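We just call them A, B, C, D, E and F in the order they show up, numbering each chain from 1.
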Amino acid sequence: MNMMTGKMRDERVTLAHGGGGKAMRDLIEGVFTSAFVPDAMEDQARLMDAALQEPGARLAFTTDSFVVDPVEFPGGDIGKIAVCGTVNDLAVGGARPLWLSAAFIIEEGTEVALLKRIVMSMKQEADKAGVRIVTGDTKVVGRGMADKVFVTTSGVGVIAPGCDLSAGRVRVGDVAIVNGVLGDHGAAILAARGDMALSAEIQSDCQGLGHLMQAVMHAAPGVRAARDATRGGVASVLNEVAETAGVSIEIEETALPLRSEVKGMCEILGLDPLYLANEGTLVVFVPEDEADAALAAMRAMPEGREATVIGRVVDGMAGRVTMRTLFGGARIVDMLVGEQLPRIC
Amino acid sequence: MNMMTGKMRDERVTLAHGGGGKAMRDLIEGVFTSAFVPDAMEDQARLMDAALQEPGARLAFTTDSFVVDPVEFPGGDIGKIAVCGTVNDLAVGGARPLWLSAAFIIEEGTEVALLKRIVMSMKQEADKAGVRIVTGDTKVVGRGMADKVFVTTSGVGVIAPGCDLSAGRVRVGDVAIVNGVLGDHGAAILAARGDMALSAEIQSDCQGLGHLMQAVMHAAPGVRAARDATRGGVASVLNEVAETAGVSIEIEETALPLRSEVKGMCEILGLDPLYLANEGTLVVFVPEDEADAALAAMRAMPEGREATVIGRVVDGMAGRVTMRTLFGGARIVDMLVGEQLPRIC
Amino acid sequence: MRFTEEFRDPKAAKALLKEINKVVDEIGATKEKPVHIMEICGGHTHAIFRYGLDKLTPAGIEFIHGPGCPVCVLPMSRVDECIELAEKPEVIFTTFGDAMRVPGTKKSLMQAKAEGADIRMVYSPLDALELARRHPEREVVFFGLGFETTTPSTALSIQQAAREGLTNFSVFCNHITVPPPIKALLDDPHMVLDGFVGPGHVSMVIGTHEYDFIAEDYGKPIVVAGFEPIDLLQSVLMVLEQIRDGRAEVENQYGRVVPEHGNAVSKAAVADVYEKRPTFEWRGLGEIDESGLRVRDVYKAFDAEAKFGIGYSAESRHVEEPEGCACGAVMTGRMKPMHCPQFGTGCTPEMPLGALMVSSEGACAAYYQYGGARAIEAAE
Amino acid sequence: MRFTEEFRDPKAAKALLKEINKVVDEIGATKEKPVHIMEICGGHTHAIFRYGLDKLTPAGIEFIHGPGCPVCVLPMSRVDECIELAEKPEVIFTTFGDAMRVPGTKKSLMQAKAEGADIRMVYSPLDALELARRHPEREVVFFGLGFETTTPSTALSIQQAAREGLTNFSVFCNHITVPPPIKALLDDPHMVLDGFVGPGHVSMVIGTHEYDFIAEDYGKPIVVAGFEPIDLLQSVLMVLEQIRDGRAEVENQYGRVVPEHGNAVSKAAVADVYEKRPTFEWRGLGEIDESGLRVRDVYKAFDAEAKFGIGYSAESRHVEEPEGCACGAVMTGRMKPMHCPQFGTGCTPEMPLGALMVSSEGACAAYYQYGGARAIEAAE
Amino acid sequence: MCLGIPGQIVEVTDGERQMAMADVSGVKREVSVACVAQGDLEDLVGKWVLIHVGFAMSIIDEEEAAETLEALRGLGEAQETLEAMAHGVSALEGTQ
Amino acid sequence: MCLGIPGQIVEVTDGERQMAMADVSGVKREVSVACVAQGDLEDLVGKWVLIHVGFAMSIIDEEEAAETLEALRGLGEAQETLEAMAHGVSALEGTQ
């Protein structure tokens, strides 16, 4: 009898696992199918949800590729981000996330154990968010043709009849609320990457925001729009909304919730935390009279415990975002040009 | 006045284009949005199709990452494949393709002109297939962290009430039909890659199969199942179907449609064309009495001009695929183990 | 004429099979008391299974699959050495695809590549030479694997490198020769063999007279054969006819390609660059006298063994074959693949234990792939 | 105490602003007839805009943004040379992130990286040293950019490399010094300046006496300042008080960090490794005598200029600044950024024409980013 | 082992290095003709050779090939004749 | 330019190379203390230094810092007193 059991006996992925044959099937069955869709025989999922067939319901569809380096970091891994990111993109549009797809591009030589950890964390996160990963794909590329693993998730959700969250609906007087501290993900990744030889106990804020969004929509039915701030940080989200809605937004420097380590990291590298990436940071715009209700609902949940108002929508030049500095000065918070580079010398 | 116009003025993609700021927006607006979804403001598409709300209708959902090297090759490019591949995965399940997502992972240094060509070819192919690319994403990774461009497409389609194509429905007596010559894509890529210094005028068979599938379903309403043979070739598709349906399949060596150059390539490198990749090759299983109708319908379309019966489903060991050689011998056509390697010395 | 399809003509095959059946009957061979014919060359093994010739020929013929697959007879220690070379940071290790999946003690070249070694599959040693020209800062090593057919290509490549004064190209020479193992098999008292199908492409280089000893000293027929199904059937028929007629001759079915005296340029190049090793190790067969080649001292600069202090000539590093592996017995025809206790369970193409399961020319892989489950059933 | 937040106290700022307003009034300065104060250091420019100090201070104060941003004064030819070095296959080119986006004649380091050059951003020359240790087969070049604050770090790194006997580490030295351009500005007859906010971190290395000539020879006040908003407001107040009182002294607001005589170890290391160049080119300012440093001959092995035959000392390769670029006028305070014809149209942070638009410490970038559209409107 | 395939020489590409372009069913690859070169390389153009790992190792003897095929055709026809005769005999036998 | 930030030395990491660990708001980085080393390196532990590009360039004078802040507090208070007085005066004036 053969001592080795299980479908996937290799320790590392080789090009053979991408060849469309038995090795690929073993990889898929040994690592992916077991966690995601044990019974998929066709290369497409076939689905239906009653909510989708309600008159006036709309289908939400979104996609993102995830390429984080390192693939595992304090507070999460690429799999967790891949599920949270797409769940969040559905949620902030007002959709209830239903189904995800997951496509993996794997570099030759990647450890199978790493893949398994990533997949497990995807499953966990999907379960938490109440979505199912229903279809997937794997490709293997040669060494140096990818960076360990890239994951692309797409998501399908349902928007209930009448629900219409969009940046265009933001009005003067609205209040901008975030669910918690900013920049944790960006800072955690900077530290984890080790390029600048900085170490800090910062965890990525990577988390799903679906339940939090449901709570906000329930507590503040007039909620105008929401965004999850990822690349480009909160500053980019504010600029995007200000532009789309044709309004100005004014935020308060003293109101920005920042962890001390994130501040430290930014000081060392000359970075601005408003532009740091997040992976579980919600920015919601609510009418002023619903702000307290929204805040209270958010603070009642772990994902929103540190929720706070950071600014408000004001009359002014379309697309303008300004920040009142701590002693009353004002500066423009523009969109970032490229990526934020350390500014040191 | 500034002499340079247009949003995207760089010749090559830099990391700045992935930073979430203006450079990224310029890349997206200059290259992607203009071709795909000019009016998307939220990071999710909001859609509905009457067919989806019919009682008994089902939603089909599928995804694939595309990683071909070289990204442009005779007969297509990675963008064309990315659209065709996902359209085909929807189509072979009996779904009418509706919407696609497209996520790009771009290597630093990639030429913007190349991206534009890829995107244009996606648009063209989507138009041909009658689908809309409704949501997307771009990520930029450092040099040597990807191979120019990877594209991941996901697709949503609708399966009409009552339609149920699946490998499990294949029965003894059914006939296996392919739409044309085999292995063109694999051979074209081998030649285009230049590793083995072979040159040949072989075009990839890369094409969308949605319309062809519609024609088959119309002409042969009893059609059991269909597959597009990609990685692992026709041999893998046959094995997969034989296993799922619990039947044997017998094919005829003399019936396999092969281009002379593909044969030549296989002879030089000791490869088996049954395992070569395709990107527009349909394998359909139809009841014997509908075979002629299916063939006629396929041959009436450019994608099926060379359609032919390659074998039939027989009683026998579940999952067994055999090939009758040209003078009556028989051999087993197993699944490939890993990737097919040149066998030379 | 393309010299391929024409030799796959079903009509001709039918005629030959009829004739074969007739001669088998004349000899009186049966399933229980078959004629044993060894096809020496792995290419012939492959063709027999690819075209289903084993099932078309009568039960009275039993094919013994010989040692003529260079991948199958490659000892684990050579694979380990390839990996050691490939893992040197300065080395670009080039090889035919055939060698990629052969298991070494710890891993295959495929796995070493996944772990980061710079290993490239090439079609020709000329491609390795071109890599060396393009990467003067790297050391390009070509894995010289194969029989007499392949040896001239590496010899000519070394001569070319010398002419160009390339200093970063070397060959890890593990070339072997066909006649010595045949002699070893014929000397084996357990071996039952009635005739041989001779290796066509080896013979196009060395000619047919190298097999004279088979007919003259051992009284066995041998027919040098081509690789198309018609070639093989005709060659089998010619062997059978010799047996029926009590003849033992060296015949040449593959005259369109194989000249009686082989290829002079090739032989000269091989003689210039290589010399016989006193002895060389074959997987499953052990040490065989004068069965391997090494680079002559004058071309030392192109000899990876000398350059990196590695290989058969270096301190012996013989590694025991994995336990339970019956490759030796299968290769000498003493055991059928499906009777190996590992066949299909501990040893499959996905997880080969022995080399005969790796190459599609290996008897075990051929039985598994082309005989597939049927062979497994038979074994159970 | 963390020595940061404490110096951002709104209460203290309020008090200082009140006092500043009072003194401005006492001087009688107005928007039409303002006091001109130059903050020499780009770090101060950045802080002024970051905290909106320009809008908080009275209209009677006009800030002139000085040449103290090493990125802004870097000539195109130096950038081109960086790229030439970085594109050598053996070179790992290391640099602070600051330099990545500065446009050269054809491209920036960012673009060169995208095209394949091995360019790595580091936090410290020590990280470049570590790369050299880890990649003995490569040449690690560190781009020595910056003023007196930064120069000791590369000097100490070269000394450390020498101690370790590293042969693959070198510095492409483009270090510059603060006093010479100040003298040049003061000698410029077009220049209107009433006082200076002095560079705090430069001074922590060189001390305060290097500025004596400003007070003694030119009769202008200078206050060495820290980088927190309170530091800046207090320093501005101190400058104003000197003006009001008719004094011209070198004062030190940043005593917690800046010792009167600077840092002895740093100065010794710099003197050991570097020597003054007779002259050096500044973007927008032209050649300035004794304003740059080069590696001394004893450390030639660590001098990228010598090692690769490149740089300012090599055959002069001065490149003309792009046409229409008014950086020189802006840097000397003769023009406000928004009055440059390129500002916001031909020159934006996305597509900078001049260096002052690249660094967030450049006056133009600061006006654009923090004054943003308002500045553009003003210009239109 | 020793995969060898027939290809036709279509062009001499590098006389000095004895390289030529071979065509295999429309697939082209540069091969060394060092082993089959006799006199003028151009004489090889149009010839069929047996190619192994990028080297032409033998010039295919077209006559010989034709003869082999002819002999087999002969064998088949002879068998058919015999069969027809046997059939005739059994047919005759059947009338008994 | 010349980004310099205060950090606290928490540990000597390599005496020979004069390297120590600095802490900036919980973020740690190894820095050279060559420029601020006097006598026993361990004496630096607990001290605040000004860090630039991985080098501690100055030991922060905590007393001096406290004094600066104290003086500003004084300024604020003085202003408040003055304002209160001014307010008192105007209040008085208002009663006229």
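Here, a contact is a pair of C-beta atoms (placed from the backbone, for glycine too) under 8 Å apart; a residue touches a chain by one contact, two chains touch by 3 or more.
This is a predicted model, so every value here is computed, not measured.
Student: Starting from the defined contact criterion, work out which chains touch subunit A and subunit F both, please.
Tutor: Intersection of subunit A and subunit F contact lists gives D.
Student: Could you tell me which chains are in contact with subunit E and with subunit F alike?
Tutor: Per touch definition, common to subunit E and subunit F: zero chains.
Student: Could you pull out the chain whose C-alpha mean position is farthest off from that of subunit E?
Tutor: That would be chain F.
Student: Where the centre means the average of the CA atoms, what chain is farthest from subunit B?
Tutor: So the chain farthest away from subunit B turns out to be F.
Student: Which of the two pairs, B-C or A-C, is linked by more C-beta contacts?
Tutor: B-C
Student: From the C-alpha centre of subunit B to that of subunit E, how far is it in Å?
Tutor: 38
Student: Distance from the CA centroid of subunit B to that of subunit D, rounded to the nearest Å?
Tutor: Subunit B and subunit D have C-alpha centres separated by 56 Å.
Student: Where the centres are mean C-alpha positions, what is the separation of subunit D from subunit E, in Å?
Tutor: Computed value for the inter-centroid distance: 79 Å.
Student: Which whole number of Å gives the spacing of the CA centres of subunit A and subunit D?
Tutor: Result: the chain centres lie 38 Å from each other.
Student: Among all residues of subunit F, which ones touch two or more of the remaining chains?
Tutor: Those would be 1-3, 5, 25, 29, 53.
Student: Going by the touch rule set out above, which residues of subunit C reach two or more other chains?
Tutor: Those would be 4, 14, 70-71, 96, 101, 110, 123-124, 127, 146, 150, 349-350, 361.
Student: Enumerate the residues of subunit A that touch no fewer than two other chains.
Tutor: Those would be 14-16, 22-23, 196-198, 267-268, 337-338, 343-345.
Student: Should the pattern of chain-chain touching be classed as line, ring, star, complete or other?
Tutor: other
Student: Can you identify all of the chain pairs that touch?
Tutor: Inter-chain contacts occur between A-B, A-C, A-D, A-F, B-C, B-D, B-E, C-E, D-F.
Student: Quick check: in the complex, which residue numbers of subunit B touch subunit C?
Tutor: For subunit B paired with subunit C, touching residues are 195-198, 267-269, 317, 320, 325-332, 334, 337-338, 341-345.
Student: Can you list the subunit E residues touching subunit B in their complex?
Tutor: That would be residues 1-3, 5, 24-30, 51, 53 of subunit E.
Student: Spell out the part of subunit B that touches subunit E in their complex, as residue ranges.
Tutor: 191, 196-201, 260-261, 263-265, 267-268, 270, 343-345
Student: Show me the residue ranges of subunit A that touch subunit C in the complex, using the header's touch definition.
Tutor: Against subunit C, the touching part of subunit A is residues 1-2, 4, 9-10, 12-16, 22-23, 26, 108-109, 143.
Student: Going by the contact rule at the top, pick out the subunit D residues touching subunit A in the complex.
Tutor: 4, 8, 10, 13-14, 49-53, 55-56, 70-71, 96-98, 100-101, 110, 120-124, 127, 145-146, 149-150, 229, 349-350, 359-361, 369-374
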